[in-house]
Every structure is written in structure tokens, then in C-alpha cells.
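Shared between the two complexes below is subunit A, which pairs with subunit B and subunit C, respectively.
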Partner chain A sequence: MLKHLMAASALTLVLAGPALAAKEVTLDLVEPIADYKIFVAEKTGELVADTQAFVDAIKSGDLDKAKTLYAPTRMHYEAIEPIAELFSDLDASMDARADDYEKREADPDFTGFHRIEYGLWDKGSTEGLEPFADKLLADVTELNKRITDLVFPPDTVVGGAAALMEEVAATKISGEEDRYSHTDLWDFKANSDGSQKIFELVRPLIAETDPAFVEKVESNFNDVDVTLAKYESGDGYELYDKLTDQDRTLLAARVNTLAEDLSTLPGKLGLD
Partner chain B sequence: MTTKDRDIETRRTGANRRQMLLGLGAAAGGAMALGARPSAAAERQVADAPTEAETVRRQPFYGEHQAGIVTPRPAHGMVAAFDVVVTSPRELEQLLRGLTERILFLTQGGTPPELDPKYPPADSGILGPVVQPNDLTITVALGASLFDNRPWLAHLKPNTLQRMVEFPNDALDPELCHGDLSLQFSAHDSDTNIHALRDILKTLSQFLVIRWKQEGSVPVIAPKPDGTSESARNFLGFRDGSANPNSNDAGLMDRIVWVGAEDGEPAWAAGGSYQAVRIIRNFVERWDRTPLREQEHIIGRRKMSGAPLDGGNSEHDVPDYAADPEGAKTPLDAHIRLANRRTPSSQRNLILRRPFNYSNGVTKNGQLDQGLLFIAYQADLQKGFIAVQSRLNGEPLEEYIKPVGGGFFFALPGVVSPGGYLGQSLVEAAGKIPNEQS
Partner chain C sequence: MSGPDQRETEARLGNLMWIGVAATAALALAGGIAFYYASQLRTTAEGETVRVAVTAAACEPNALTVPAGKHVFEIANRSERPVEWEILDGVMVIEERENIAPGFSQTLSADLAPGTYEITCGLLSNPRGTLTVTPSKTQTARAEAPALKAFIGPLSEYKVFLALQGGKLVASAGALEAAIAAGDREAARTRYQETRRLYKTLEPLARRFADLQSTIDPLADYLGQREEDPGFTGFHRIEYGLWGKNDTNGLTPFAQKLTADLATLKGRLREVKLQPGMMVASADSLTRQIAEARLVKGEDHYAQTDLADAEASLEGIGKIVDLLSPVIVASAPEVATALTAALDKARARLADLKDDAGFPRYAEVDAEGRQRLADAFTGLADALDQLEAATRVG
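Let's turn to the complex of A and B:
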């Protein structure tokens, strides 16, 4: 752990370490990025299938089933957010929160997962959600199509590891993301797993040159996993309110440090 | 403790100031080796309004006590409180060594490393390529929860350190209260404080999660032609800190502010000080609609001059309550009379105040959210702030103020020389426990 602190404070030593030639490394990234594309394709495939079932439940008026499917369906989206967010129009219509709009829940542009979440939990009904459900399915289908055609930008993929932890740090620690359903820990897990996936794919490229960094990042991911595992329940997670102050603080410290450390990943891999 | 009970003269006359200067000269020889301390400022008091001369001053880091306690207050202050993630003496050591390293750099100044632009920069850059000291001090203090929640540390908690009491007039917002660790930043400008906070959050995120912070400021006032300076005013328009004990009298500070080796405290705590922080909202609209005479009776001073109500023409004149037993001149429930009765027995309750004014925004009711970031230091929290505030409970001023946040902390002893680190005596004491957790 002393090494960790030195890595955190003596930035120069760590960052100046692996002076890799950019071109060489970009070639090395071909395989991890191809693997990542497969991972994302799997997730978007699951997202389309699960959204179909979620939408069917809403349209058949099955409130309980719709509520059960909400969090697991979202997880596929949350895991691939760095790529999904490249399409800002879809991200806004699928994943915006009420406070992205001045009129909050009453805003006609407030659509997507959180609009449906608001209906299912706050209003306690599937009534009136049909148009939002149809739109969500259309958006998800469109997202799948666009991702299939997408050439994955290396900096987006590698930078995505930190971006996902920034997402957790900025919106998941407080429990404000899924404010009606309190299923934030599902999103938290999906973001963290998505980040960890990227790190694992590029890990071989830095394992030898930067073992202290790799060890610290893995140790912090492990702390996140172990802490979240305490809240597993059924196929998913307990509600956010069950999270103790002590665990929330530990998660915040680890997430902030992961965001901090992973922000150096593109540089370490020679991306500019 | 008998020395602490001695009648202590806190009046600051010209003659006293000269004596203080001599006293400081003797004390300054030892501890204040690193960093120049301009002699022109040596006579200034902790709560005196800052003067323009302080723009490039560097406050010494090494010394028996931490800087930022008896250090004259610069224009901008901030308190940030944190939850601490450490599970062993070893991790506590890493945190405190890391803090020491960052505080040394930030307060003494220097050039941050220049990294390959592919990487995030090492420094936020908000102070430019060279980090100037800008009179910055960062004072580290520990909350009761740090000790209470860790079996290997609990037995080392300072005697009167406790979770902040909720007093009758308080309306504490849980999001603005308590913490395992506090950092008090004071500097010439607010950007320097913010720069320092961001540096520490960036480099020590593994151990520190911020809970709350409050910034404040006090106006810069040029010294008078005779060289003396005056106490800054708070947002009620009254001078704040006039009755502070003389912060340049090392002997007095030893009795009032610093924990001594013979105070019955854990040995590691010697040289530290209890820190009471309170975020006290002022209902300024209502205050401004209150007749001047009533304001003065509530506080116990003339508003413009700061003089006591029984005579005199300066904030440094001392009221004679013995000659006014019925409160005909200074009401018995006036703020300054309750806070400091100026009797031999009330001398043991003296505290050193180092507050800043804050202005945050507008409340839901459309009123200004302003008030006092109250910070006080004392050698005994129970006899100091808690006793003083207990006497103030029910005072007429309560209609105009509402404490909403803050916390009680223990400011660590100083680092005497290079190689040491803040809290070293505590870590070493904690490491001696046989059943160390890791």
C-alpha cells in the first residue's frame, strides 16, 4: 500500500515511467479494441432483447414484471456508456434524468429509462408509459445498428475506463441516478464492470512496464467488487438505501482513486 | 492547571503590544526556522483584519505547533471536513505522510512537475506555472469519529474530543456536520485555498472523501497611521475578536490554546489544540431591521467603535462588569458579557477565535444565506468552547443566528523538523498496540 501512495503523490515517477512510442502502442491496441467491440456487441444485443421484454411488460400492463426488468435491462446500457454516449441524441432520449430539464418530470422532452422509472415507481402504474416504451425500444434498436457500423475510436475505448468511474463518482455515489426505484447499485456494478473490462483488455500492454499501477488499480477494483457483493440479493442488488455510510465512503474513495488513476491510461498507452 | 486559572490580562494597549513584540522575538528564535516572518506583521493579532502587505508571505511549516492557529488571519479561509478510509496504523501513516508532503509543497511553494501533455497535468494550474505560497496555511485536525470507529486508535482519543454537541439553538444539517478529519485553509486569496484543496483531493483520494466545506473571508483593512490594526467585522457589522487573548504572547497561548505535556492528555497530543468549527447562519435581513440601540445591547458593544457600552472609545477598552452588577450599562445577557464575564474564574474558559464571514447564496425563502464560519482553538474543549457556548444558550442574539453545521476536531501537534510528519506521535503510539488490525 505504501507503493500506492507513492504512485498517487509522486505523479512524475509513475507518469514519466513508460515512455512508449505512440505508433507501436496503437498497433498493440488493435486486438484489445477488437475484443472490446465484441463485448459491446454482446451487451447491445442483450440490451435490445431485454428492452423488448421490458417494453412488452409495460404494454401488457404488468407493473410488477416491468419493475423487475427495469434494473437488469439498464445494466447492459450502463456497462457500455462510453460508446453509447458517442450518440448524444440517443443518450439524451434514453438516459437523461429529470433534472436535466428545467421543468423536471413535467418536461415533454423527458423520456427514456428514467421517465419510465418515474411512472412505474412514483406513479405506481404502467398507464401512459406506452409511448415512452415504444420510443425506448426504437432508440435501443437504433443504437445497436449504429454501434454495429461504428469504428471504435481507441481514445474513446481506453478513456472509457476512467469515464465510467467518473460517471459513478458524479452520479451513482449519491443515489440520485435511480431516484424513484433506488436500484443505483445495479448501475454502479455495471459501470464498474464496464470499466474493469477495458482495463483487463489493455492490462497486458502495461503489466510489465507499470506493475505498481496495475496492482493498485486491481486492488481498488477488488475493493469495489467485494463491497458491492455484500449487497447482492437474488439476481441483483439491494436497494440503494441499504448501503451503509461506511461502505459508501469506502466506495467513494475507491471510485475517486480509480477515476484518478485510470485517467492516465490513455497517456500510458501512448494515445494523444 | 493552576497556571491556566490565573487572571489573564487580555487588554491590548500600546504598552502591552511592545511587550508582546519582545516576547515573540524570544519565542521566534527556535521553531520558526523555515520561512521568513516579516517583523512588521509580528505584532498583529489572530483576528486583526488582514492588510495588503500579505500577498507574497510564506508561513513557516516546521514548528512545535501547526501554522494557521495563532497565525494572523489572512483574508480568506476555508474549512473542509472528510471521511477517512484507513484501517490500520500503517494506512494512517500513509495518509498523514501524504498530507505532510502536500502541505509542505503548497504552503512553501514551488514548481509542479511538467508532464507529457498526453497525461492529465500534475497540477490544476489555477495558480499558474509556479505555485506561490500566498500566505497559505493548512491546519490538520482529527474528529472523534476517527478514533471511535477504530479499535486500534480509540484509546488515544484526546480527553475532551467528542462529536459536536447539538446546542438548543442549533438546527444542524447532517450534510454540514462532523467528520473524521478537518483541514483549515487560510490564504491571501480564495483561489489559493481552492487550489490546495483540489491538490489534496487529487493526490489523497485513496484515503479522503470530502463531506462538506465552507469558505469565508474577512476584509483587508490598511493599518492605521500609528501602525495598529483593528479587528475585522462580522456580517452583523460588529467587530469580532476584540476580546481575543493576545495571540503573540507565547506563555498565554500555552495556557489557553496549546495542550501541554502536563494536561493529562495522551502524550502524543502535546502541542496540539482543540478546534471548534461552527457554521452559524445570520438572519441578516432581520438584523438590519433591528434598531441600532437594540443591536448594541444584544452584542454589548458600540457598533461603529467596538467600544464596550460602559465607556471608552475603542474595541480594546475593557468593560468593568463589577461596577455594573445590575446590567444598567451592559445588559446581563449581552453576548460579550455572557461569553466572557471577565472574572478570575472565567479566565479558564478563554478561547482563541479565528473566524471568517461566509456568503453562500439565497435560501428557499428568498433570504440571504450568510453568516460566520466560526473557528476557535483551545487547550480544553469542555472548558473552552463548550462552556462558553453553554453560557450563551438562550441569549437574545439567538433570534438572529442559527448554527447549522461544523464539528469538533483536534489539531495535531506541529512537525518540528524535516523528516517528521504530521501526527507522527499518534501513529507511533497506535502502532504499539499488540492486536494491530491490518
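Let's turn to the complex of A and C:
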């Protein structure tokens, strides 16, 4: 529904505003895209290392440790989702929700982070999770390999800034994603940081021509960061149900504005 | 953790959400209608709007056929759950639209090349549909020259290669320096070869920096006092010590200077503004130099490792070819084919000279063998001349 609203308001802008001259794409995008791949490669390296520790905790039956490692491990994946999601098979086996399957939690194809999350929190045990843990480790290792070999498509990278905020709007603001562990704020932060990274990398290309836009986006990111910072706890975040209605409303507003504004980035860079 | 209070809160929130949906439905509908006409207008030139419904069990229709080019797909969710819709090429997602609410439609635009694709249809457990894209006039007309945009990904990837390989190069030079400082000749020889290999993979661009080139890779042959010349520094000076004199003695200052120069090179490679034409020209001139000078005379006078050098240089040239070929394959398929063939031939001729023990000393390769290898590099340089023309942006 958010997207419909956005589509509607974007259209209003298009119809109301004077037609802007189409911007030509330039090779100035080469450096940001290259730097983004290096960023993603680093995150994927951390994902592999942290998943190994997470899997070790599950296989040694250490429930508390496994629960502690779940959210921080996922953050690396959530931060690079525009790229990770390009691989449909891995995205399904690593990050699908029970809702994506006919038999929901009981479906034999329900695997990955959320299957393990379901076991650790809903069942309160590491029992029976070994095969899912092994599969997750194999998947992140394969993801790492595929990302190394991937020539990053500029549309996916630049479009990723808005896609990540849309992801927040669709699945984090609602608390839908981490429904068993309620660690949604960790994912929220990772999505938002991933989006901010893309914006920062292309910012020099639009800073001079579009200073008001840059300032607005930065201010909204800052509001998100400041609000999320209120929920920092230890090395991570409070559970999702600690989020006050007031802050949820503020975050939803900023996230939607960011998603809408950032969806104009490809056009500003001549990628439409 | 999920107590009754919390469930109640969640239920309330859920209700609020659906009130929100109802309130925005009118807006969305208005927007949707306007958007529908806008997309109709926008797509008539290149293709029609393709309508697909996702039901609880499948896509309707489950098999689509469209001509190549830009299309708008309108996906209606006629199931009970939010769905996503994707166009897949193998395991790769080409385009996707996430979170389509039950009862709602969303649009997605995709620029499709001819081929057979799969489409996802709601639940992951549902069977996938097919999307067949047939060749079209628009597609053929568009393929006269590559668009500038098509180079961004490959050039970025080359930039990543330069950055990662540059990092390894400086680390390897540091290890060479340490082995020399420790007086370990065998370790130093191993480190030298690894550092040299990494440098050679970067050579198409590295050799453009004349100032660095003159201290990193000068040959004694071109210096007034040959090996005794104060300008004799860099790789070959260290090679001269490790193989010519069989000793690490006195090499530390040269190793330190080499590390410093390679660190500067790494920084320059990080800063360099890449252009397709410049990349091809760099690969081309290096290939020709290898064919016409290096393979004839040999450069590694003391270690006789010219074939290892040629192999590493070819890896660096191959990296450029492999990245740029896909960009021109639609507009100049014959150039792409010729390049692949020429690259394969050069690799094969090098492999012919290799056995289980590795490459022979270059002194053992006779004039005929050298010429045979040089011919393959000349063939590759000729193919690169064609690539230079084919990478001119349309």
C-alpha cells in the first residue's frame, strides 16, 4: 500500500512539475559502483565469518549464544540486500518467511535465518536445527563466491538505496520480519545503513547540482539514526516491542520520505 | 516472549494498518488509474502492457511471450497473501516487485533481451511460469553500438580488480622486503616471483605511469652503465641480485624503494579515471610490445622467467577482454568471437610450453618456439585493434 501511495504521489509530481531535462549518464558512476562492490565484499566476508560462529553455537547446543549471535549475523545480509536478492535461489533458502510457503512453518522447504529463528525462539531449542545451520553456512559461502564474480549492475546499486528503505517500510516498521525474535530494529539499522552507504557514494555526483535534495535526505537519515540510537542496548538494539508508538510514527514518516526521495536517484544520475 | 498483551498490541496495530489501507485505497485507486494511463502512453512505442494475475496456486497466464525491448508488466495479486513477482534468468533476478498486497496490482518495467526466462508466482512452493522473449526490430536497431551506460558495470569491476590486486601487490612486496632483510634467498626468490606476477597482471595500466615505470621496471640493457648504473633499480635489480649473484646482500634499499613505488602505483590505480577506449588501448599496446620485443629478446636475463611474466601479463589483458566483450557482443559479435579465439590461442600456446615442473627457462626456448608464441600475441593485438573500434559509444 505504501508503494501505491508513493506511485500516486510520484505521479502527481511528474504531472504537476515542469519536465526536467533528462540527465545523461556518465562514467563518473564507475568509482561509486566500484567502491560499493568493495563495501559489499567486506560485508559478505563478515557474514561468512559470523555465520560460522552462529552455526558453531547451534551445533554445540548453546541456545543462549545462538540467540545472541542471530541478529548481529543477519545485519551483514540485510545491509547488502539489493545485491544479495539478485540471487533468487539463495535469497529463498536464506531469508524466506514461513508465509512464502504453503505449509508455513511446517513446510520442509522453509529454511534459512527465519527457520532457525523459529527454532531458537518459538521452540526454545537448538534441537533439530543442525541441517538448517549447515545449509545456511553453505549458502553464505556460495553467496560470497557469486558476489566476487558478479559485475555489479549500476541500476541495482543506485536503485538499492530506495529499495532498502522500501524494505524497511514494508517489513521492519510492521515488525513482520523477525516475528519470533523481535530483533527487527537490528535489521532496520542494517537496511538503513546500507541505503545510506549507497547515497554517500553517489552524493559527490549530485552535491553541486542538487544541494537541497542532498540536505533533505541527510536530515532524514539523521532523524532515523537519532531515533534508532535511543534503542541501543549493549552491542545492539532493544526488542521491537519496546519501540514507542510516537517513535514508530516518526520512523515510518522518515522512512517513507526517504524511500520516495531516494527513488529519484536513478533519474538524477541518468540511469532511467 | 510473546505474551497476551503483546499479541493484543499486535492485533491493534494490525487493525490500524488495515484502516490505513482503506483510507489510502481511494488515493491509490486514483493514482493507479492515472498511473495505468501514464504507463500505457509510455510504453506504446516499445511494447504493450503485459497483464499477469497471481492466484493462490499459479500465474495466469502461466506462459508469456513478448518481443524484445521495454515492457510494462502489471501484476494483480488475486491470492490471500502478499506476494512478490520476479523475472528470473536462471537463478538471477532480472526485475522484481515486492510486497504486492492481496487484491492490489503493481507495475514493473523491464528491458528484456531475447531468451527464455522464468517468472515466480506467489508462494515459493508454487510452480514457476515462463516468459519467452522473441527477437524484435527495436532490439536489432538498438544494437549498432554499445551505450555508455553498458560500460559502467565492467569498468567498475576493473576498478575493483585494480584495488584488490594493488593491495595484494603491496603486501607481497612487503613480504619480499622482509625475506631479503632476513637474508633468506630461497624465500626471497619465491616472494619475488609472486610480486612480479601480481605486478604483471596490473601492467596494462601500470605501464602508463612513466615516472614509476622508470624506477619499478627498467632494464639494464637501456642504462649507460648497465647493471652498475645508479638508475638500475626495481624488479630487475632485485632479480639480478637473487639470481645473477645468488645473494640477498645489498638488496634491502632496492626492496624498500620497490615497496614504496608499488604503494604509490596502488594509489594511482585507485585514482585513475577509466575510459573504455583507454583500457583497450592499454591492453593492445602491451600485447604488441610483448609480441614484438619481449618474446623475441627476453627481459628476465637472470631468472629466465619470461614465460611466467607473459602468462601473468596475459591474465591482466584477459581481464580487460573478458569484461568488455559482453558489452560489444550484441553490436559486434564477430569481434567478440575473434577476441575469444585469439585469447584462447595465446593461452594454449603458453600452456604448450608448460609441463608438470612449470615453464622452462626462457633460454631453453628456441627462436622458432619464441616466434610461435609471439605470433599468438600478435593475433591477439590485431583482435584488440578491432575491439577498440567496437567500444566506441553509440
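Definition applied: the second predicted complex is superposed on the first by the 246 of 272 C-alpha atoms of A that agree within 3 Å, B and C clash if a C-alpha of one lies under 4 Å from a C-alpha of the other, contacts with A are read in each partner's own complex, and residues count from 1 in each chain.
Operating definition for what follows: a residue touches a chain if its C-beta (ideal position, glycine included) is under 8 Å from a C-beta of that chain, and two chains touch if they have at least 3 such contacts.
None of these values were measured; they are calculated from a predicted model.
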Partner chain(s) touched by A:232 [first = subunit B, second = subunit C, both, neither]: neither
First, second, both or neither for A:151, with subunit B first and subunit C second: second
Touching partner for A:134 - first (subunit B), second (subunit C), both, neither: neither
Subunit B versus subunit C as contact partner of A:271, first or second or both or neither: both
First, second, both or neither for A:260, with subunit B first and subunit C second: first
Touched partner set for A:250, first subunit B, second subunit C, both or neither: first
Touched partner set for A:174, first subunit B, second subunit C, both or neither: second
First (subunit B), second (subunit C), both or neither touched by A:42: neither
More subunit A residues in contact - subunit B or subunit C: C
Common ground on subunit A, meaning residues reached by subunit C in one complex and by subunit B in the other: 1, 4-5, 8-9, 11-12, 15, 270-271
Residue ranges of subunit B in contact with subunit A within the complex: 83, 85, 90-91, 94, 97-98, 101-102, 113, 115-120, 122, 149, 201-209
Subunit A residues within the subunit C interface of the complex: 1, 3-5, 7-9, 11-12, 14-15, 25-27, 29-31, 33-34, 37-38, 41, 85-92, 96, 99-103, 107, 109, 121, 151-154, 166-167, 170-171, 174-175, 182, 239, 241, 270-271
Complex contacts: residues of subunit C adjacent to subunit A: 1-2, 6, 9-10, 13, 17, 20-21, 24-25, 27-28, 30-32, 34-35, 38, 81-82, 86, 88, 91-93, 96, 98-99, 101, 104, 106-107, 120, 123-126, 148-149, 151-157, 159-160, 163-164, 273-275, 323
Residues on subunit A engaged by subunit B in the complex (per definition of touch): 1-2, 4-5, 8-9, 11-12, 15-16, 220, 245-246, 249-250, 252-254, 256-257, 260, 263-264, 266-267, 270-272
